[in-house]
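You will see two complexes here that share chain A, one where it goes with chain B and one where it goes with chain C.
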Partner chain A sequence: MTRKGIRPIHCLILLPLLLVGCWDRQELNHLAIISALGIEQAQDGKITVFTQEITPRTLKGGGMGATSEGGGGGKTLLRSETGETVPDALFKLQKKVGRRLFWGHTMLVVFGERAVRQGIQPQIDFLIRHPQMRLRANVFISEDPGAILGIQAPVESTAARTIRNMVDLRRRKAMDINQLAQMMAGDAQTAIIPYIQPVDKTIPYIHGSAILKKGKWVGKLNQEITEGVLWHRNEMKNGVISLKIPEGRRDMGIRVVNSQVDMIPKIEQGEWRMTVRIHAEDDIEVNETDLSMRNPRFVRMVEEAAEKEIYTLAQKMLQKVQHDLKADILGFAETFHRRYPREWEQVKDRWDQVFPRVKVKVQVKVDVERVGMTNRPAGLPMEKVKKK
Partner chain B sequence: MIERGRISSGQMALILFAGISTTGTLVSPNMTGWYAGRDLWLSVLWASLYGFVAVGLAFRLHRIYPGENIIQYSPRILGTFPGKALGLLFLVSYLVLVGITLREYAEFVKGIFLPQTPMTVIVGSMMLVSAFAVKGGVEVIVRVTQALLPAALLIFLVTLCLTVQSWDVQHLFPILEKGIGPSLKGSMVPGIWFSEFFVITFLLPLLADPSKGLRRGLIAVTSVALLFLYINLICLFVFGMEYLVMVYPLFEATRYISYAQFFEHLDAIMLMLWMTGIFIKLCLVHYVVVLGTSQWLNLSDYQPYSLPMAFLAAGLSLWVVPSSQELYRAISTIFPFSFPGTNVLIPLLLWLIAEWRNRGLQKGEVVQ
Partner chain C sequence: MSIFRGIRKKKRKKEIISQGIDGWGSQLNSSLDADFEENRRIFRDLFTDCYDVIFHPFRVGEQVQAELIYIQNMSNVEEINENVLTPLMEKKVDPRDFQTILERRLPISSAKPVSTFSEGAQALTMGNALLLIKGVAGALDLSVNKWEKRGITEPENEPVIRGPKEGFIESVRINTTLIRRRLRTPQLKLKSLHLGRYTHTEVIVAYMEDIVHPDLLEEVIRRLERIDIDGVIDSGYIEGFIEDHPFSPFPQVLTTEKTDVVTAELLEGRIAILVDGSPVVLVVPITLTTMLQAAEDYYSRYIPATMIRSLRYLMFLVSIALPSFYVATTTFHQEAIPTEQLISFAAAREQIPVPSLVEALLMEFAFEALREAGLRLPRIIGSAVTIVGALVIGEAAVSAGLVSAPMVIVVAATGIASFTIPRYALGLPMRALRFPLLILSGTLGIVGMLLGLFAIVVHLCTLSSFGVPYLSPLAPWQKRDLKDVLWRAPWWKMDRRPQELSPSNLRREAPDQKPGPAQGGDRRDSK
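Up next, the complex of A and B:
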């Protein structure tokens, strides 16, 4: 045989050597796709993990939600295991699952309240260190992570997807792993994580929030104060405010379309001051009064009432956050650091004591941009409408 | 002249751009930030000086000894023995660079995508293709670059722009908080990549249009500087100071992209782009090693030595550092001195000696 003829034979003999390869093949039917992860503190310093696994069998039904019922089991499967650390618990869990746990599609991480009280810095480390985990995964706190992950979403494929949709709908930046890590390691070393509770077996509800300092729980905020904080953090892009209009003696509902917050720091004679300017654009949603919105004087009246409302909320929020909890989740530390790096250098180690003494001035400006599809109170006879 | 192929100055700029920037975009921000913190983007500006100086020196030396590279003219400048020793130093440093590049690539792929796959397979398969490309000669390498790079670069830049949704420009401030010191210290890390621009000494003799060599070389340095500036700013804007805890911040930033819950999970695309770039970088540096070795030994041809050298480089990549941590430690502590040392300082001395030895001679004449 000629030299040229031998070459292909060499190749043929060598090719089977490649068959031992494919170490990292990942077949879809060998993966357990985890859509949500829950972490809770167990007894004696142990950690319990919950996973919400997508059950592919039911998803095969063409995405028609109805197939999930009756076939035994829902669209997602809740598993849990306890171990020394999160990876240890997950490793134990892996032994009970026939498929390899896959984290590339995890959209939700729910911390248990007890875990947050113990401190979540090690867990954040795990989440960032893990090569598959997405930094985009939303982070929540719950009294019972297992219950959240066990929710069977009636419309969406998973509860994690439902919650992600809720977050998107609110048009606010929900806390994800990246933002949480940034806040925890930031100048103030504080963080705010939204609370989530199950309303029933199919509905999760985002309500209130928890405040962390140095990775540990310091307090809980109710929904009202949470909204105040969101206003302040420039994350309130959508919301409804109810107003009492003195002249109309009835209610008015306005919707926040957009808001912009500016923080102006100032240090004068050793006194740290912060001016917070909130500018909101609103639409009128409902007008229960008899005031005609064609009159700019009445519109101004609505704006003033809204400004007062937002101002009161801001003061309430500051009282709670700045004076009760003394946790700077408002970004004051970063703002001062940027404007006054030298002065910041001196106080950065005792910011906890300086923050409650910062004098805060809140200025609110509200513009009613649109009044909706009618500019007079609809369903009211013309002569009853107050025009002037 | 054992390389018969000729390339245009534009092709040279293209292969330098891809060959130098790729690994830098992958690993440099984290290590620059270790020293420079928030001012890492300024470090790039300082470091780009290395690139301009390296290209300028290579061009000056090439003007004194036209058609020759450092392996060929260093014995003529320093005398046979010291010159050959210097040539060997360059060859070893570039061979190490091939090994390091392979290792960076392998650590990235193994750490994120193929944890179970043996390192030898990842390294070996990449080195094998590069070795085949080098065996084809310089023209094959530049053609491959021309075919792969424009599309890859376009997708890369578009993907980077998509991170705009998570930018927070405020992370930039305060600039120069601790003075200029940290950013200067940080410039040592991107300085490694900019000093690699001295490989242009191997490409200048191959130019079909040598008159444009300097200009196109400087354009390549400027483009790499702009790209580094851009990626460092992106890492800072997306993650704030948290980019410091990430080994591959730019990769994480692109993985963080999410539009409408639908356009996300771009990591596979990024892997593809980086593989393309790493391949070009390996081709370039491996070519330099193979060509240089053949010239150093006065061989009549260089192409047959591509595969044997590839085996050497693949082996080197496995034992050059024991772990990924040691690799990054070396990049942030040893290479900031060794690379600018061999690629900027030595050529500078070489050029001064050459100018001194050739003083008083007419244009075109050189001391033998």
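Up next, the complex of A and C:
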């Protein structure tokens, strides 16, 4: 009885399955896999997009046996199109591409300098809203996004991969779409985006950075200041510092292997103060002096020199960021907000004016953790090594 | 038309029922006649046109007429000559009744009187000899059977590196001996049944009396006695009749050719069903996890055994889901594949005209066909198939652009994974279920694949084998029995039998047997 009643229901459930077909299916060879996206301002307020499309056939050759060695064309293909907005430009671009644009593997987004000057908030919105786009794609700024995307990577599969690897190697957190959106919406409404330039047709070079305020360009930082900022933000764990040791009168190279920056905010009688505590752990990389590192006194000397060096760098960085650009990319706003929420409410609308007036005190502590594989300077006769 | 068909169907059914499937003539059920001549006549009548049945007339004690009936080559002629004919034909013998003949004259260890023709005919077909004597009612069934048997060899389907290599053969008598030799106790019971109207196949139900659950035993016997069929050629016939869920693709009976496996299962409270003429013994009840346990797990040390067992579980999953997973990710979820991998997948797919799903189905079909061909062909030609298969599928198909290289790898990996399942019977549903799962994942992506897997798991949850849930001890969760599922507990830890099977006799070993210096493992103590 029940069996008979169930049968038509079974059919009703099973038959629609035949209707769906493979509605969402997209074969790999019908996809244009985009590895990098470039966005630049064009004339008349229009937007130009660049895409770096992976061409698997040239990248890996054919199947087994049918390897086409260098069968013309690069590993990636640069395309560009101009439209009113980014989606409009991409829609136009799609018409010119025989395969469906696929954004699931985009690891790089390069903004043109002019686009940044115009403001990139709408573009960020597009990137975040797009269902396929990865929020962990790295964001860069370049004078010429087309040139970056056109780079034919000699070793890696794509230029995007090369840049991704560079970012990983330098062990610094590169800006990705998600972070960028969060920073832009943060208390200070500022952002720092690394700058990238092509050295030649095969080598991209990450150098310096650009500062954004309210989604727009405010200024550019050179590499030294950029590293200072990154250190301050605890986003760079690794770097090399050259020191002048007074007693040895020669140079010493140390590598920062670990650093920790703490910010201690304080408001006293209406005066906003910030103590920046930098603690760095270093290894000695090269010792050009004749000082034996077995002597703790000399090690302390190195530490002091390093403290001085880092202090100077921090001051230089603060001068540029706090006083010249007046852009709070150091996280002061968040720190004050957390500690003094009530006071923050009063200044949050005029933080731009408050930030340059914050009194900053920098305290540096450096510990030499390892002196390397040798105590005394290698290659020097024993008698010439200064032990005391 | 359809109306007629319905009527015809009904008619045929009735016919079958009325006709029955009686193997013997009606006279068989009658008792043996007191008249010697009449008995002789009826036996001769029964076995007309049976050239192999020998009717040997002779005189007992040189006077009384008698006849010995036996089947050529099934009975031991030497034994008949020496132990039956010689003593009976002596002068002094005075045949009054079979009992005295048996006790005084016949040096034969196993003989019994028979009273009906069917009993007599059955004894004959088993290779026994029948003795009819004039003036003595009934006949005597002399157990002198001896026929050709295959030697005991290592089962080819269940090889082991370490452990007993003895396998069952086609003779149930020898098979029970093999078990009895391993379980030297009167607790081992071997109940005999005869199934098959024509074949009268001997079916032995083996169990350990004080371990087995009495309800289970009753159920097994009940299900076996229900069977009414013309012939039982292999234990597979029996399996088809006693399963709990005949429509499930999953085996609910363990089949093995290894004597040690059967012994171990008997000790865990399971019941073995031995069928004459088949080296494959059925063991019930079983669970999915028992199907994934190899005999060798218990013979090797527990740490590697546990590792290999978990590998097997993983491979079990791979064998059913890997091609589906590959198709689903490459056609629906490309973003989930690492970029470099995606590029090489894409490069491999550039020249393939068919969709991934079709490509996968094609390869799977080819693989299954190859496997089947390799199995069915004579072994000498089998290697040729392997070479052709390897060349065509592994190399030529890829360079011809028929399938992509990653697909070949996926299918090959799946094939290897399915070979790690120790029970062939469980590998079959895995192979079969791969196809619907593949279609689901090719049309609905990972969602479809998971739907399919869900359906399979739900189905497995509903299954049972002789009332024991198929997924136990995982579902229902029985913590104590997990010692033989998630890992293979060391032997000194396997102190209890599976709870479901033997609730009354749970302990299988004395407690606290963990070896170590304190337990006498340290020689210094004894010095």
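Throughout what follows, the second predicted complex is superposed on the first by the 360 of 388 C-alpha atoms of A that agree within 3 Å, B and C clash if a C-alpha of one lies under 4 Å from a C-alpha of the other, contacts with A are read in each partner's own complex, and residues count from 1 in each chain.
Note that contacts are C-beta pairs under 8 Å (C-beta built on N, C-alpha and C of every residue); 3 or more make two chains touch, one makes a residue touch a chain.
In this text the structure is predicted, and so the values were computed from the model without any measurement.
By the touch criterion defined above, A:A185 reaches chain B but does not reach chain C. When the two complexes are overlaid on their common chain A, residue A:V199 makes contact with neither chain B nor chain C. Once the two complexes are laid over each other on the shared chain, residue contacts for A:G104 go to chain B and to chain C alike.
In the superposition on chain A, contact of A:R136 is made with chain B only, not with chain C. Chain A has more of its residues touched by C than by the other of chain B and chain C.
Of the two partner chains placed by superposition, only chain C is touched by A:P56; chain B is not. Residue contacts after overlaying the shared chain place A:D24 against chain B and chain C alike. In the superposed model, A:I33 lies in contact with chain C only, and not with chain B. Touch criterion met: A:I128 reaches chain B, while chain C stays clear of it.
For the contact definition in use here, the residues of chain A common to its chain B contact set and its chain C contact set are 21, 24, 104, 134. Looking at the complex, you find that chain B touches chain A at residues 111-118, 121, 166, 170, 173-174, 177, 238-242, 245-246, 252, 255-256, 258, 261, 264-265.
Here chain A touches chain C in the complex through residues 17, 20-22, 24-29, 31, 33, 35, 54, 56-57, 59-66, 102, 104-105, 107, 132, 134, 157, 161, going by the rule given at the top. Taken in their complex, chain C has these residues touching chain A: 330-332, 334-335, 339-340, 342-352, 355-357, 395, 398-399, 401, 404-405, 442-445. Per the touch definition, chain A reaches chain B in the complex via residues 21, 23-24, 104, 128, 131, 134-136, 164-165, 168, 178, 181-182, 185-186, 334, 337-339, 341.
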